[in-house]
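Some structures to go through are shown next.
What follows is chain A paired twice: with chain B in the first complex and chain C in the second.
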Partner chain A sequence: MNPGSLNYFLLLIGTTIVFYLFNDNKLKQSVLLLASLFFLSFFGIIPVITCVLLSILNFYFAKHAFKYGYLFSKLVAINTVNVLVLLAFRFVNELNIGSLFSAPLIGEQFIVALGIGFYSLQNIAYQIDIYKKRYTPEVSLLSFTLSNTFFTRVSSGPILNIKAFTASLSTLPSKLTEENFTVGLQRILIGAIKKLVIAERFSYYINLYFDGIDPGAKTGYDVVIACFLFTIQLYFDFSGYMDIAIGSARMFGINLSENFNMPLRSQSVSEWWRRWHITLINWFTQYIYYPVAYKFRARRMMATVFAIISTFAISAIWHGFGVTYLIWGSLHIMYLIIENFLKKDLLRLNEKLTSFYYQLIFTPLTFILVSFSNLFFRSNSLADAKRLLLKLIDWRHFFPDISLKSWILNGVDWKMEFMVSMRLGFLFAILYLLFEEKLFLRLNKSKFSIPFITFLIVFLVVFGVFNSGTRFIYMNF
Partner chain B sequence: MKTSEQILEELQGIFIKEFSDSSIVLTDETTAKDIAMWDSLTHMGLMDTIERHFEISFSLDEMISFKNVGDLRTAITAKLK
Partner chain C sequence: MWKKVLITILVCLLFLSLAEFATDYYLKRYPRLKSSYISQVEQNADIVVLGACEAAMMVDPSLLDSLTGYKTYNLGDPGARFADNYLDLYQYLRFQKAPKYLLLHVSPESFYSIDDKLLTTYKHQAFLSDSVVFNVTKELDPDYIKFSKIPFLKYSYYNIFTMYKIFGAIGYSLLNKKHPDDRDGFIPPPPFNSDTSALSESNVITLDSYSWNSTEEKYFRKIISLCKDKGIGVVFYKLPYYHNYYNANLELKKYEERIRDIATENNVPYFTYDTAPFTNDSKNYYKLENNLLNRNTIPEFNKMLIRDLKDSVFVQ
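== the complex of A and B ==
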């Protein structure tokens, strides 16, 4: 079941109705847990069993260890289990669906297009926090299991802090308030628009250029367009999924953390990572970057460099076992280290140029750097990435044609209907990005506005691409 | 025994030297957002300098829990007692 599919929304509507039939908090949580297990069961019985067993194991282990003395050896033991399960599922996933991006729909049947990784990270963090005595163990197994399985966000996050999430479960609302319904519905609609009106329109070309023979892009210009479009597509696809996850949770009065903060406006790669997939980056920062930087802090700059390398090495492995992910991670390590060394000069430049001109230069530059790294992130193999890279640096054949009209957002062999569709998607993407901040404020308004909601629905129905059958990209991770 | 004001003054000196920025003026409300060079990449180095200067030691949790200079000053004062 794909978040955003008809089945998903039927499940959401049904769960919402049953949820508000009950007044008892435990019963409300039970409804959410049953719906979550039902959601997981669409991917097979193994994800259900794994998720429940891991929840029970982590819940009782933390409780027992806390009571009888949480030794470091116990922490290593339980988190070895968590990491091994995560690695095992990642490995099986890659064996089964091969290329992550070109996987056909059948890929959904395989165990872990699901976010086993996401709740594994939650459990690892939970054990560390209990070991460090940052808080006491959760007392309700029901709430704990729900924090791992909660269906609106189990596939791709946001990553929860288990203790904060279970605390929020203790105050579930008795009525569906106008605020929760309006904000929830608006977020779901904008998420669907991002996915179906914008991201979907880029799929044809991106798949053609990255997955075709040799591997599809004919010239350096095609490669540039493919990388730029992929960065935009990934943002709209992934943040669209997050909007649906956050909006759906809101129907039950649950506030999930925001995972994006307008990353395409970033003026540096470090800023990009503060705005992109925020809950995952916070996890890496808190549980890898800071401990490493703290341990080696006396070595000053070298400690920072080492901490960045450790963080991105693990981040690259998290995304997949391929060499292409390692190159992607290495590029970001390089960007961040260079940025760190040039920080004082960049600040001086910002003062000299004034913020406006600095932004004009460094926002596109950051986008270009991230898009270049995505060439490796999106390529199906190292050989494909190498071929694309060679085309990119072949300046003699960089443009497909000498006439301007044939290469503005246009490849040599694009079909007319797909070209028009993609251009329309591009136009919507730019319009969205220009008004992103204002729109976000509007989406969080709690007054139900019939004209606004009607506009969103009609816009989605008229311009949505509904039948391509692709999954959310980040479900692969 | 150093007073709270002395600690703030010494902290200001450390910040100015650490970030090569003589325009820094610290108050209890100053946060990382107010000082361009102070971010997650430079935070641990800064903490290391502060530890050495005052001959104290912070735990990791303490280092990442300081929300502003006021929190930092309070923690230093407590450790110097």
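== the complex of A and C ==
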């Protein structure tokens, strides 16, 4: 059951109905917890056991440690457990051991413990915050477990602040208001459109170019297209999931944090990371970047460099053990360090050029740099990445050997269906990006508009690609 | 609020039903869809060619017509499985007179399904109201049937394939075009020759996990039965494999015997060309498909096929 699938929406509708049958807050939370465990059980028994056990362990450990004195050694012990469990599952995924076990026991391949990457970070942060006495421990095991398992966001985030989330659970609404329903439904519909109408249309080419034999991309031009399309696909896929997660939570009166803020408009890589996967970056900033920068503060510039290296090295490992992730992380380290050294020059340039020209140069440049790093992020192995890289720098055979007319009419591949579909997806992506800001404001309007919602539904059904399933890329992490 | 929700649902259903109705209309009249074309334009064919791309792209009706005196229509459909072939033939016989002969491409790989997709459903969407099409689809693609009950989802479920056809159908309608460019159904491969050097010995793909799919056999036999019922003479043929591939896959020969047994059981001739001289050079092939020939080699193969048909089939 993937978010965005028919089964997911049936679960959401059923849970919403039962949720509003009860007035008691604890019963409402119990309904959400049961729905969440039911959702997790679709991916096997291991995600359920892992999530529940880690929740119980972290809940009682924090409570006990706080009561009897939260020593640093205790913090190291509990977070070592959190990190080791996370790494163990990452290792299982990396070795593809999951596929050796029977499907009902382990669940889908690559999702042996769905969402562990996300709720592990929540638990680690929770322990640090309690240790630093930023908060007192959560008193309700029910609320704590729900913050880890909550079905609308368990598979790919956003990463929650457990105390803030459990606080919001104390004021669950007694009835479904027009505002919650309308805003929630609009976010779900726009998320489904991003995923099914845009991201899915790029899948064929991206899979062909990255996964085919040798891999599929034959020229440097193919590699460029594959990297650009993957960056766009990743944005629409991941932010589409976020919209569905945020919209679904809104049905229960729960406001989840935003995870994206129009990253494709970024004018620098550092801005990209302030706009992309915001809750993850906030986590790394607060628990890795700042402590490292503070520790080495005497070394001035080097403190920033150390902090960037630590943050992205850990971020790369969080994504997986592959060398390709390490290269991806290293590239971002390099981008950010160079940007940091050129900070003053860039500011001067921004003053010299008008903001329009600065944007005209640096927005595409940022997109190109991020897309290039995604060549490694998406490649299945280092060998594949190397082959793609060699094609990219082979200038003599950079363009495919076809005429411009043939390219316009047929594209590189003679399978016209895929070419038309991909170009249609690209057109929708451009239109969306042009009106992204206005649309975001429209989505937060609380009045139910028949024409607007009818348009979203009809557009989704007419242009959605439904047969390819609704598995989201970030469910792998 | 709930009144507004109800109105929205009704308006959406109305829009989507209208869109489905319009798409039905255009696709059933779209000449580039063979199943639509044969329902609109009389073919009067003596020979019908059936199969996947090995039929659609490799058998040239104009050559057959000129050398045999018969009229041929190529009903082959790239990417088709036997269930698709069965539905295509069923559609053909619904609207056209039965041909004298059916030329069916069969190879061991026709019974080998990599992804368990035994029907390319999106090729038959416009005719889903027909009970035979519906039942075959229900058997082989039950998920699609579930979704197809929602207005327009019968088209958008396989959106990547369908949207292109819908644009094409509207374009043909606006231009008032009644025939496709390839009226006889032959879709020749692109004129350029792609690099086939990867077909060399070191890169030969071996089918280690080859398995014979019983559902494929079921629909293969249904085609034979349908022809018998209509008094159509069936001929099996197989495109020549590139020799390295054929020699590296010993399993193929074993399964070829199984096809030959079915042919003998049904008194059907089975022509194969794996010893043809051009099988030794990868340059005679199109792409890396092991059995698809390029534009230069197709006439040579067609002449060999016609010779066999003349010698063994048409004389009877």
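Keep this in mind: the second predicted complex is superposed on the first by the 450 of 477 C-alpha atoms of A that agree within 3 Å, B and C clash if a C-alpha of one lies under 4 Å from a C-alpha of the other, contacts with A are read in each partner's own complex, and residues count from 1 in each chain.
Here, contacts are C-beta pairs under 8 Å (C-beta built on N, C-alpha and C of every residue); 3 or more make two chains touch, one makes a residue touch a chain.
Values in this document were obtained by computation on a predicted structure and should not be read as measured data.
By the touch criterion defined above, A:A88 lies against neither chain B nor chain C after alignment on the C-alpha atoms of chain A.
By the document's definition of touching, of the two partners only chain B reaches A:R300; chain C does not. Shared-chain residue A:L347: touches chain B; no touch with chain C.
In the superposed model, A:I314 lies in contact with neither chain B nor chain C.
When the shared chain is aligned, chain C comes close enough to touch A:M416, but chain B does not. After overlaying the two complexes on the shared chain, residue contacts for A:I46 are found with neither chain B nor chain C. Touch criterion met: A:Q286 reaches chain B, while chain C stays clear of it. Considering their complex, residues 6, 178, 181-182, 201, 204, 401-402, 414, 416-418, 420-421, 424, 448, 450, 453-454, 457-458, 461-467 of chain A touch chain C.
Chain contact summary for the complex, chain A toward chain B: residues 132, 134, 270, 285-286, 289-291, 293-294, 297-298, 300-301, 303-304, 307-308, 336, 340, 343-344, 347. Contact residues of chain B toward chain A in the complex are 20, 36-37, 39-45, 47-48, 60-61, 63-64.
Listing the residues of chain C that touch chain A in their complex gives 1, 4-5, 7-8, 11-12, 15-16, 19, 144, 147, 150-153, 156-161, 163-165, 167, 190, 192.
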